[in-house]
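Below, subunit A partners subunit B and then partners subunit C, in two separate complexes.
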Partner chain A sequence: MRYSLPASVSAGLAALLALTGCGFTGSGDSSAQSTQDADKQQRIVVDNFRAPVANWALESDAAYILSLSGCLETLTRYDEAEGKIVPSLATEWKQSSPMEWDFTIREGVEFQDGTPLTADAVVGSLQRVLKAAVPARAFNPKVVSSVTALDGRTVRVTTPTESPLVPYRLASVNTGVLSPAAFEGNNVNPFGHCTGPFTPVSEKAKQSLTLDRNANYWGGEVQLAGAEVRFVTDGATRTTQVQTGEADVSLSIPVSGLAALESDSNVKVLKADSPRTATLYMNNGKAPFDKVDFRKAVTSALDLDALAASVYEGAAVPASGPFAPSEPWAGGTQDAPAKDVDAAKKLLADAGYSADRPLEIIAIVERAEFADVAAVIQDNLKAVGVPVTIQTKEYAAVEPDLLAGNYDMVLSQRNRLIDIADPIGFLTADYTCDGTYNLSHFCNEEYDAIIAKASTTADSDERYGLYAQAGRILKDQAVNVWLVNEQAIDAVRTNLQGHTQDPLARYVLRAQTAKPAS
Partner chain B sequence: MRRLPFHLWITCTVLAAIVLAVALSPWLAPYPPAEQNLAIRLAAPSGAHLLGTDHLGRDTFSRLLDGGRFSLTLAALATVLTALAGTAVGVLSARRGGWLDEFLTRTNDVLLAMPEMVVALFLVAVLGTGYHSLLLALTVTGWTPFARLARSLAMDVSARGFVEAAHVLKCPPSFIVLKHIIPHLAGPLLGQATLRFGHFLINVGALSYLGLGVQPPQSDWGSMLAAAQPYAARAPLTILAPGLVIFAVALSVTLLGQHLFRTSRTAAAVTPTAVPVNA
Partner chain C sequence: MIRFLARRTAALVTAVLLASFVVFLIPYLTPGDPVRKIIRSRVAGDVIDDSSVQALSAELGLHDPLWKQYLGWLGNLAGGDMGLSHTSRTPVIDQVLPALGITVSIVIMTLLVAAVVSLVLGATAALHEGRTLDRWISAVTQAFIAIPEYWLAPLLVLVFSLQLAFLPSAGWSGPSSAVLPVTVLALRPTSFFTSAVREGVLQSLGSDHVAAARSRGMSRTATMMRHVIPNGLLPLTTSVAIWFAGLLGGSVIVEVMFSIPGMGRLLFDGVINSDIPVAQGAVVVVVALAVLLTTAADLVHTLLNPRMRSAVA
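Right, the complex of A and B next:
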């Protein structure tokens, strides 16, 4: 495979995407809201929902904060609108052998400290992540053997087995590139050592990060003078700050704050499908869940529309299967299963179910809404004659039992794209016979064969087709009940320009983000 | 009988009304407390739902009555258990003296120095959520004030003439404790118990609020508060109702406890050398 795109075309495409608002799958482009000229002296405030905890170590979640702040950039990036990997600090890449990928580094890029971006600098930064004590899931020695510089502009990434997903791994924010000077001390120092449109200038520990414009940004003129990223863990505070105008962007708005923001003409609420589906996991290895008819009966008994409308207050949509409909591997739009009490009762009879013991749902306490979700499910199942009890427990306390198969049902939620912008890791770990996180204890040879084939398929369209096939098997076998697809909800002031919502909150401050004079 | 102050009449009336309503909840509650009707979630008060409905369309009044059974019962059980344990430890410590007194008193001091809620949180985290864990967590940390009070009172009573006389008459120690000492401790300990009941009620509410109480869909006042928090602006009664009931009960028992405590202290001061009839 070979992917090539000149820098100018790439930058132009990025600007065009932003201007036309086709950068994501939700309704969140706010660029059309204000037609006033941007004031290049403006600074904005972004309220983020988490604070850095690991001294800016790139293998940690701190990388997300550096990325959304417009500081950290990666060799490639995943474009939600295109559904594929696009160039960033690398302009092209090719699979030179089954286990080797070569990336060509963009010319003319300088770090914010003035040093040039070279293959050696990229290798140094990536090796630091690779050798971390707790390496990133997307980029660790199990999936990447080595990173070497072939020449001044080419970086070679070698994998232990054939992998078509290396460009996806290099879109992970954990593989962001910092200049060699960032690694001179014991801690990572991103200040002045990124390549992005904004450079961090000061930090209040666990409170905020202040950034100034990078006047030498390779991707075009930066429209804002600077920004402050605040770490506001309380959702109600984030809601209030964007409503009062104290913040221009608030990420991850809690459901309880939606009504107030949606009725405010100065605020635009942005929603996009997130790669998270709240799921009722059923232990397929244990009676009565070992019978497909019983699992289908549970699916038929649940009222997903009512669940989405009540507990999630419309901030989630009923799920039709293991993927969100907008994902390119979903296999087209499908309706969520409808509640059918009669069908559920018939399926229970076919499965030979006798309510000889109450079944238990575990609702993990880390997700507060799961207790209510469990109560609704309990009510739905009671109506078809399946008695259920509820236990709320911390996830860490129940994980050994879940993995060992000592449970009936558990409510949980997984991010399908937590490692890379491709669900192969999720589909392998969660549903293959040898999956390391196969909570459902599901095992199907046909499914495993499809996933094995997908893991070596380089063509993304073909691979996505295989994922869709795998998803259909999971659905036909009613392995779990996929309850609702959660949505990423952000809020921005309507006068903000050039903002495009990223459901995973990786990209917020961009060169084209702008604000008119007030 | 001395005349009860007016504010205590009100206190007793409020407390009795709440306890009676909670005790009769299976007959008084208009709906099953877990019955959901998602079509009328967060409904305002009406003839059909006196206090409106919660976020899952459950009748708030019914859940308040049902939840009170858990909150009040647990607080009462914790009070009784800690009073029994604390009194036993305090009297034993006072009567035996020596190294045992030293050991029990120092243990008491150590436990008193530990933040009660932190210890309770730790125990519930280790033992898991649920009725029994919560009760144990409250009891393990809650007996110390009783032990301290019982020890000082028992030492005081032990120095009195009628106890000396009982010793001279070769009465067995158990007889002296049960017939001469405990009756003199009853008044102050009852006052202490009512004060502690209010304290336990708030602690049960706090632990339930943190999700360490009953399991859904069962209700208790603390978990009702926690569940209603996101909807406080839209359905204020869902959070006001359990909050006010906790406040009213805690205030009532505290006022009552203070009165009992004062009364018993006054009685003890008036009759410092009173000899029981059977001494």
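Right, the complex of A and C next:
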């Protein structure tokens, strides 16, 4: 879709900008413009929901942007469809000893600057991440001792303790590989230094990243001539731009924009289970939540179907436990707990609950919908005789109290797979007795033993079975109320081809992404 | 005159010091650990390792007492160095200058649009004083003040981007992308300018020199163009300078809603990310420019007005 102003108006505005010496960045290159115009149908625009803040440092979230842009690639990658780690820049890997993993680097791969991908280049890139002042959660000195090159094609990763999850860690976008020329002093320059299907060629600070096709891509012919990844932090704007055709892909569509997009015949809405579950955390270490019957009563009192349908407008599904049903460690499909007022009242009586003080729900303001969620919960609990007050606060303000156990209930949402494509980090930090983010203040020896065993289990099926067992304990103990499984919602123009949704927005621009000439 | 300039220079230094100190304190006066906020701006997620907090705090010099940090920043500023961003570790000046260029462009376009529109509306209202058209113009332009930017911006996007497909909905990629944000920002100054022009034109219409021009046989149009309109524009000079200064720092909502990487957006991101050097740099530049602009406006006003000139002298 083209936008045009009368020529005189455009010329006047352009003249004014020229006079003030403050032109629009990047718009002055007429040859680049004409090239884009000549090949317009084969370039696309992706609206991303975040902008890089750390100057392309790989240990930061900027790595997600380089990855979704088709620039940055990792040794391994997580295949959502197969639910397992698959080769990428490494063709194979093996655990050569309990604490050592050897990765074989793919032959014939060149960086976009023409230099070959070697074990030394991989080691140099990974060591930068390992030595960062604020290292990546997936790849830091606590979980990785060293990275060395055994020969020209083999990289050895050593861990401080036995770890079956190293291949998962090397699928994290933070472990993406750049050529040695990308590292100049403290700066990281990804331009022309990736291995992926697209080469970043220019950046408009805080606005966008422009990429061209990598004609020498090792993974096959790249279908698009290029793309522009825009950093559009406002969800409503992302929604509008995919409707107007200004964007071909808009990531992370807010619920408020869903109805408009679903009724637009030029737009396809993509939904997938995200690894995020909105959760009512209960302080298991504090009365009355220290009694399992009371916690079960709270679970029975809540109407999760109504919550999903009303506050989330159908863009989330009622949760049956700590995992989304589609996750391989969920232990099969289970129904979400149904509202049962009578059962809740009986459980309250069994717990010896007396409403001697109103309980408090903290709704963090960073998630706007939590205020409404809290209101629904307040109403549900009032119906069974549990008075509740609601406090809305910034997360940063309440975090010390949450970690110290000075609260009743808090609404929050965690990304289970934020570190690696495996929930071990989440299950350890959030629910083990020594967990560093154990907001529930839950402690169960059986649970801890299962998680300890899982952390050293290499076979993924066996490990997933252990996660399912751990999940059942959390559910049986009614540690929290898992409210709704959130959906990752993206929108694409219907003429876009070869696009596959990634719920974590790591892979968007791929070699096979294509757009036909109009 | 020298005393006037000395007073204004002292005001400039005081304003910059006060504003920068307040911005410096914001991350410490709001809930939460500033270092954790910086880390969260770099890596999303809740679990933050204490060792990371300690390492970053040491790297950024945030272990030092606040007064020492502030004086260090002030010393660097005196040498023309705004420091490095806490989040990107790039020079703040490299972020401030492009953002300033964009915001100044928007503000100039906004004030030009507001001046032209208000000249037409104000003069028309004055020429129809007390009649229906005058009342309508006054009512409509007064209503501009009451229209919130966060309401008008999506409405304009809905009409001109979504329905008519005539203008881009966001971004800063060409002249057309400036139309909607400038329109949103121009409403309020248009309202004030229209009122000022109307009053100026009315005063001019009732003045002796206009009556003399008409008595000499000058046509109504010529009188308007040569005497009435130029005099009606005089009240705008000071207003434009004040609005220029105000819009430099007051375009945050519009810049965020339209994804424009200007000063407002820079300041917003700096505060949200606890990036103190960036927020301080943005504020210092905006405050300094605001004081300089109002000083320049006062100076021009003083030089043009003999009574003021003698008072200052």
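We take it that the second predicted complex is superposed on the first by the 475 of 518 C-alpha atoms of A that agree within 3 Å, B and C clash if a C-alpha of one lies under 4 Å from a C-alpha of the other, contacts with A are read in each partner's own complex, and residues count from 1 in each chain.
One rule holds in what follows: contacts are C-beta pairs under 8 Å (C-beta built on N, C-alpha and C of every residue); 3 or more make two chains touch, one makes a residue touch a chain.
All values reported here derive from a predicted model rather than from experimental measurement.
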Subunit B versus subunit C as contact partner of A:Ala338, first or second or both or neither: neither
Contacts of A:Thr389 with subunit B and subunit C, given as first, second, both or neither: first
Which superposed partner A:Pro135 touches (first subunit B, second subunit C, both, neither): second
When both partners are placed on the shared chain, which of subunit B and subunit C touches more of subunit A: C
First (subunit B), second (subunit C), both or neither touched by A:Ala452: neither
Which of subunit B and subunit C A:Ala397 touches, first, second, both or neither: both
Partner chain(s) touched by A:Gln378 [first = subunit B, second = subunit C, both, neither]: first
Which superposed partner A:Ala309 touches (first subunit B, second subunit C, both, neither): first
Touching both subunit C and subunit B, counted on subunit A across the two superposed complexes: 393-394, 397
Interface residues, subunit A side, partner subunit C - complex: 1, 3-5, 9-10, 13-14, 16-17, 20-27, 50, 53-55, 57, 59-61, 133-137, 140, 142, 186, 204-208, 230-234, 236-237, 240-241, 243-246, 393-399, 412, 414-415, 418, 425, 429, 436-437
Contact set on subunit B toward subunit A in their complex: 34, 36, 38, 41, 55-57, 125, 128-129, 211, 215-217, 227, 230-231, 234
Interfacial residue positions of subunit A with respect to subunit B in the complex: 254-256, 259, 306, 309-311, 363, 365, 368, 371-372, 374-376, 378-379, 389-394, 397
Touch list for subunit C against partner subunit A, complex: 30-33, 36-37, 39, 41-47, 49, 52, 55-56, 59, 87-90, 95, 98, 101-102, 104-105, 108-109, 112, 154, 157, 161-162, 165-179, 256-259, 261, 265-266, 269, 273
